[in-house]
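First subunit A sits with subunit B, and in the next complex the same chain sits with subunit C.
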Partner chain A sequence: MRRIVITRIVSMFGVLMLLTLAIFLIQNVLPADPVRSYFGRNATAEQLEAKRQELGYDKPIAVQYVNFLGRLVELDLGTSLRTRRPVTTDLADFIPATFELAAASLAIAGVLGVALGLLGTRRGVGTGAVRLVSVMWSSAPTFFVGLLGILLLYRRLGWLPPGGRTSNTLEATSTGFLFFGRLLRFELAGVWDAARHLLMPATVLALGPSVAIGRTLRGSLRDILRDDQVRTARAKGLTERAVLVRHGLRNALGPTLSMAGLQIGLLLAGVIVVEVVFSWPGLGQYLDQSIDRADFPAILGVVMVLGASYVVINTVVDLLQLAADPRLRSQR
Partner chain B sequence: MTADSESRPSEPVAAVRDLHLSFDTAHGRVRALRGVSLDLHSGEVLALVGESGSGKSVLSSCLLGLPPESRRTTVSGSVTVAGVDMLHGASAQRRSVRQRLLGAVFQDPLTSLDPTMRIGTQLTERGVSRARALRNLSQAGVPEQPRRVRQWPHELSGGLRQRVMLAMALGADGRLSGPGVDAVFDEEGSPVLIVADEPTTALDVSVQAQVLLLFDQLRREHGCALLLVTHDLGVAASIADRIAVLYAGRLCEVGSARDILTEPRHPYTAGLLHARLELDEAAVPVPISGAPPDPLRLPEGCAFAARCEHSTSICGDSLPELCTDRSGRAFACVNPLAAVPGRAAGKAPAAVGLIAERPGSRAEPVLRIDDVHKSFRIPGSRRDRLYAVAGVSLSVPEGGSLAIVGESGCGKTTLLRMACGLLEPDRGSVHWTDGLRPQLIFQDAGSSLTPWLSIGAQVAERLRGEGSRRSRRSAAAELLERVGLDRRAAKSLPRQLSGGQRQRAAIARALASAPRLLVCDEPVSALDASLSLRILEMLAEIRDELKLAILMVTHDLAAARHVAEEVLVMYLGRVVEAAPAYQLFRDPRHPYTRGLRAASPTREPGRLAPTLRGEPPTAVGEPAGCAFAGRCPDVEPSCRERPQVLELLGDDPRRQVACQVAVRAVPA
Partner chain C sequence: MTDTQVGGLESDEAASRGQAAARVGRLSTIGWPERVALVAFAAVTVALVLAPWLVGAGELEIVDDPFRGVLDDQLLGTDDQGRDVWARTVFGMRASWFSAVLVIAIGALIGGAIGLVAGFAGGWVDTILMRLTDAVLALPGPLVALAVVAATGSGLRNTLLAVAATWWPWYARIVRGQVFALSRRPHVEAARMGGVGRVRTAVVHVLPGTLGPVIVAASLDVGAVILVLAGLSFLGLGSPAPAAELGAMTARGLTYLFNAPWIALAPGTALFALGVVANFAGDATRDLLED
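This part shows the complex of A and B:
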């Protein structure tokens, strides 16, 4: 068991190394010259050469990669061409907002997915309708659903704000964990405000993943509820609820978790579109603006953060699966 | 209700009255039960026997108050357990009966336990205290209970898992206080009824005998009733007091085990008895002709009439009712078998020649295996290896047949996979003459056929590259006819066929590539007696017609006796005895073979088979002495010191045994 966990974690670091290598190589292939962009147009050839040597760009590529890794460990991802600030500083500003959005979205996807999955095990006219609607919302493009949501819930009904993280204009550009911070400080009105702002973007982002999670859960639950072990549980005189939760859901957890892991990848990609639609001051908007200006250090920084989160999250999912299914623990 | 059921002794524990159950399938309405009435008294073992599809599992699930949840299931009649209506009663009440008064044991111990829950939790989940759970485990014959409750199901052997199921059925402590029930409930808190649906079918013979012994003990010690659903009359014979025979959803005969087994009155009961593969040489099995009726189109009259040798013109007119005659026998037949005293059930009318009793073939071997070894890495262990096969040699001559017999874990499947070239041996060699690889037949034909391809297409697929599409199709149809399927089967999908038909289709597919050798892994162990017999006979037929050799692996000694000329008995990766089939079962020499033979159920009423002690250990590491020493009744101290090797017994080179005690016992 312990060996399996260690192997998984070691292999996670392996994948992360590959990610850094990929990003490093992309950086090298790109036409942008970091030294030239550092000095701007007016630099002399001597200045450029000196800086190149100082930064180690004249060294063989392997040495450059090692240096790149070294800088990475020091949290140095270069300087953004657009904001003129270190990319890591920028990232630190925008990560909390995206983290809050992704976490809220994940929670909604989980709850909605489990609800859809449980509903699917029942027979009736209603479940068919729910399935139809859920397929429709999950197949519509995210930006479209987002715009529709704004039109309906903001313009028409005025229930939810159209975008941003907060109604307080002083805090409008604030960075940091707005929702969690207010929650910890117990500012109830503030929490409510932040939650209202989170709700629409997070839900729009969660729709696709929730349907995928719901379908996987429904499929495995249906199989499991026909299994011998469920017949045993019923024969023991357990209540239907205990049968469903303790034996049904517990056994359906494995496949559902792996689907959830895959969906988190999609969710991280969807974050960018949703942030733009809802003017959410997070990584997505930062990336959007950086792409406009061909700000490669910034773009690669965002890619690195999103890629690394995907790898880490999937390792966590792997470990959760080990916890969910004892049979996996004794293999190999 | 409470007052009635304050157990008057004559009151049945469970009563089924005129039970009808039908449900919809994609092809039409199935009438699974058509008027069944039965009583079960405490301390009684009632065996419910019948072929698959007879409705016996539906009946047992109705007793648990869990009728099948199919589309538009309709139930009429009544099922009461301890005075509670298990079909129409309040669901909370039925649930508390299940929780407190009923125990259930199902066929497949591998799938009947929740893989994600520890054994202990699965036991206590029912509302049983930890202490009681431990006691139940020990009563069910599970050793080292405190360790077991912390284990997961996948860490236990099949036999142990079935014992855990049994322990789960063994009742709770304290008095019962469910809504509406506070009836028959003994001081011990034992269940009043255990419903066991094919509880030993998935187990090895030695474990089967142990579990049956346990059932017998439980009903003696706790006086609970047992409904034993089985397709094997031998299992029924060993512990049943009464036997009820079910056919097409109706009871055709009910009576004491002795009456049913020695003097059946209903022709179907007699047919079941005669179809059973027996180790006893005097018994020559005869299959029941035809197939069970299509459940969607049941005839108006007796459902068995079409297969019955005694049927008369009136049989098809109306449903025969279960009536009791003057001698007290209950059967549903207008033209029953005569009550001839002393008529032995074993004397069958027509005798088909025993397949195995032919002189050993001296033809060229089509398969030769020389001293193969195979070991596997053990999960989680660096040094220890599992020695699955440790030095086995054999050869199968052209047109000959060889059976390998042994319990699960003896290495027979590993050997078989090496014989087919699916696994490389660590040491030793496997030769096929002509280099033609053997074709494989599996136990579960259902999962070895592709579900979305028609049978005809699957057979024709093996002929690819030979002739035109039309000629391939007609060749496939011919093959299907050869294995006894009609031409229409070519168009059907595997799930539209019955178990026996699927196995025939799998054999037809294997024959398509014209192999010299057919390798069969438990080909009939999932089938009813009559069906198994017909499949085995069909295998023997094609063997003779096509000069095909057969290598069969089975845990069923009787099946081996009917197909093979030679038999090898394996234990922990080694051959412990080899002999021509007729000799091996007449005169087994190795203590293990003798134990297996004794543990095999026969149809002798009330014969509880003596059991081999324990279960086979796992073959980790090389044992110093004889691997069987730990379970052997004849063990001597020197047995544990040196390994036992195959030695000749007498003149016949085919007769060998790996036991010094057995060799010494032979008069020189």
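This part shows the complex of A and C:
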């Protein structure tokens, strides 16, 4: 058991190193010259050379990589060309908003996914319909669903706001933990307001992952419900619901969890587009604006944060699975 | 993709030519929805090849005043520049569809080559290549592709290469699994004993057997790649500005969402339609080729 956990964590660090190497190579080998873009077009040769030496760009590439790792450990991701602030400071500003959106979305994806999976195990007409809806959902680009939602739920029906995090204009661009902050302070009206703003973007973001979770759950439930233990449970007179929840769901949890882990990765990529559609002031919008201005340090910073979260989350999910299912411990 | 059977032994049967005919005969074993999906896939492909002759206007041509409504003079109105939205949408669909196919082809080629070498060489070559594959698979592909495109500068070629560069690991795993299983089959052993060279054995006697699972995986991937490319294009990382690209068109149309919703809705709906056709056709291909 301990050996598996250690192997898993070591391999996580291996993948993280690969991520940093990829980003380092993108930064250094590709044509964009960071020093030139820092100064703009009118820099003198001396200025460029001095900055190059200051940043260590004249050293051999292996040395540069080690220096790059050193700076990463010190949380130094360079200076944004657009905001002229350290990228780390920018990221720290925008992470809470994205975290709230992703967390809300994950909760919705879990609920929707389990509902879809359970519906799919029913026999009869329902199965085909669930399958149809699943394929349709996973075929729609998030930004398309987003703008349909805005047109319908805001423009036509006026039920939900079209974007942003709050109706309070003073806090309109707030990037902190708005929802959780209000929740902790028991400002009920504020919590309601923040939740209304969260609902549409989080649901749009959750659609794709919920389908994947639902499919995996349905697949493993189908196998498990054919098991002898389920027949025994039914034979001893348990209600169908008890069979499904206690014998089915519990055993189907493992594969579903690992799919959920993978889906968090998808969610972290999808959050970028959703934030742009719903003017959500988080990492995605920051990234979009950075792309428009070719702000490489900022772009690579966001990719680093989202990418590293993806790798770490998947490892945690794997370890959770180990804890939940003793059978996995003896394998490998 | 999780449903794809890796290491199955059935597929080398598919390699023999007599069985290939039987596969086509199995068309009768799949249901009508699946047949419709396969026909739709073929129809979309043909229609998009012929697109320039099917729409009246060019993708950059200014045909009328800006913001003309749906069915005013043009089928889907005009955009903020007075270009024909229907024509641009069709050209955008064409770009999406064939870009996705190209990305998957490149990914399958890279992955296939790595998988073939790993599975056939075995030993430390296999270990190193598969560790590398697993590591790349553990990275968030679309994000890495985004970083590469942002750094190399946007442009269709860069975008396609960047996505393909992160899309090969699954194919490497599938092919490697197949090769591993197939190279222990009698016909491969016979070839080896008959003095056929290693490379020839790999390419002529083993590679064809891996085709089935690769085609299934590829067909299931088309919809996903269309969406990833559309997302990059939406963020401004596809073809540069005037080109007709569905993601970028939707992003531009967002500005006019309440006054001229068709500008964003037309390309969005087109993407959705392509995704649905691709995903249903992928499911149908799986039903057809797998037991």
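By our rule, the second predicted complex is superposed on the first by the 306 of 332 C-alpha atoms of A that agree within 3 Å, B and C clash if a C-alpha of one lies under 4 Å from a C-alpha of the other, contacts with A are read in each partner's own complex, and residues count from 1 in each chain.
Heads up, the rule we're going with is that a residue touches a chain if its C-beta (ideal position, glycine included) is under 8 Å from a C-beta of that chain, and two chains touch if they have at least 3 such contacts.
These numbers were taken from a predicted model, which means no experiment stands behind them.
In the superposed model, A:Y310 makes contact with subunit C only, not with subunit B. Looking at the shared chain after the overlay, A:I299 reaches subunit C, while subunit B stays out of its contact range.
Looking at the superposed arrangement, the partner reaching more residues of subunit A, out of subunit B and subunit C, is C. In the superposition on chain A, A:E49 contacts neither subunit B nor subunit C. After overlaying the two complexes on the shared chain, residue contacts for A:A140 are found with subunit C alone; subunit B is out of touch. In the superposed model, A:L18 lies in contact with subunit C only, and not with subunit B. By the touch criterion defined above, A:L151 lies against subunit C but remains apart from subunit B after alignment on the C-alpha atoms of chain A.
Shared contact residues of subunit A, touching subunit B in one structure and subunit C in the other, are absent. The touching residues of subunit C, when paired with subunit A in their complex, are 2-3, 135-136, 138-140, 142-144, 146-148, 150-153, 223, 227, 230-231, 234-237, 247, 250-251, 254, 257-258, 261, 264-265, 268-269, 271-272, 275-276, 278-280, 283.
On the subunit B side of its complex with subunit A, the touching residues are 61, 64, 66, 95-100, 102, 104, 106-108, 111-117, 125-127, 152, 154-155, 165, 168, 195, 379-380.
On the side of subunit A, the complex with subunit C involves touching residues 14-15, 18-19, 22-23, 26-27, 30-32, 135-136, 138-144, 147-148, 150-151, 155, 216, 219, 259, 265, 268-270, 272-273, 276-277, 287-288, 291-292, 294, 296, 299-300, 303, 306-307, 310-311, 314. Those residues of subunit A that touch subunit B in the complex are listed here as 3, 227-229, 231-239, 242, 246-247, 250-251, 253, 324-327, 330-332.
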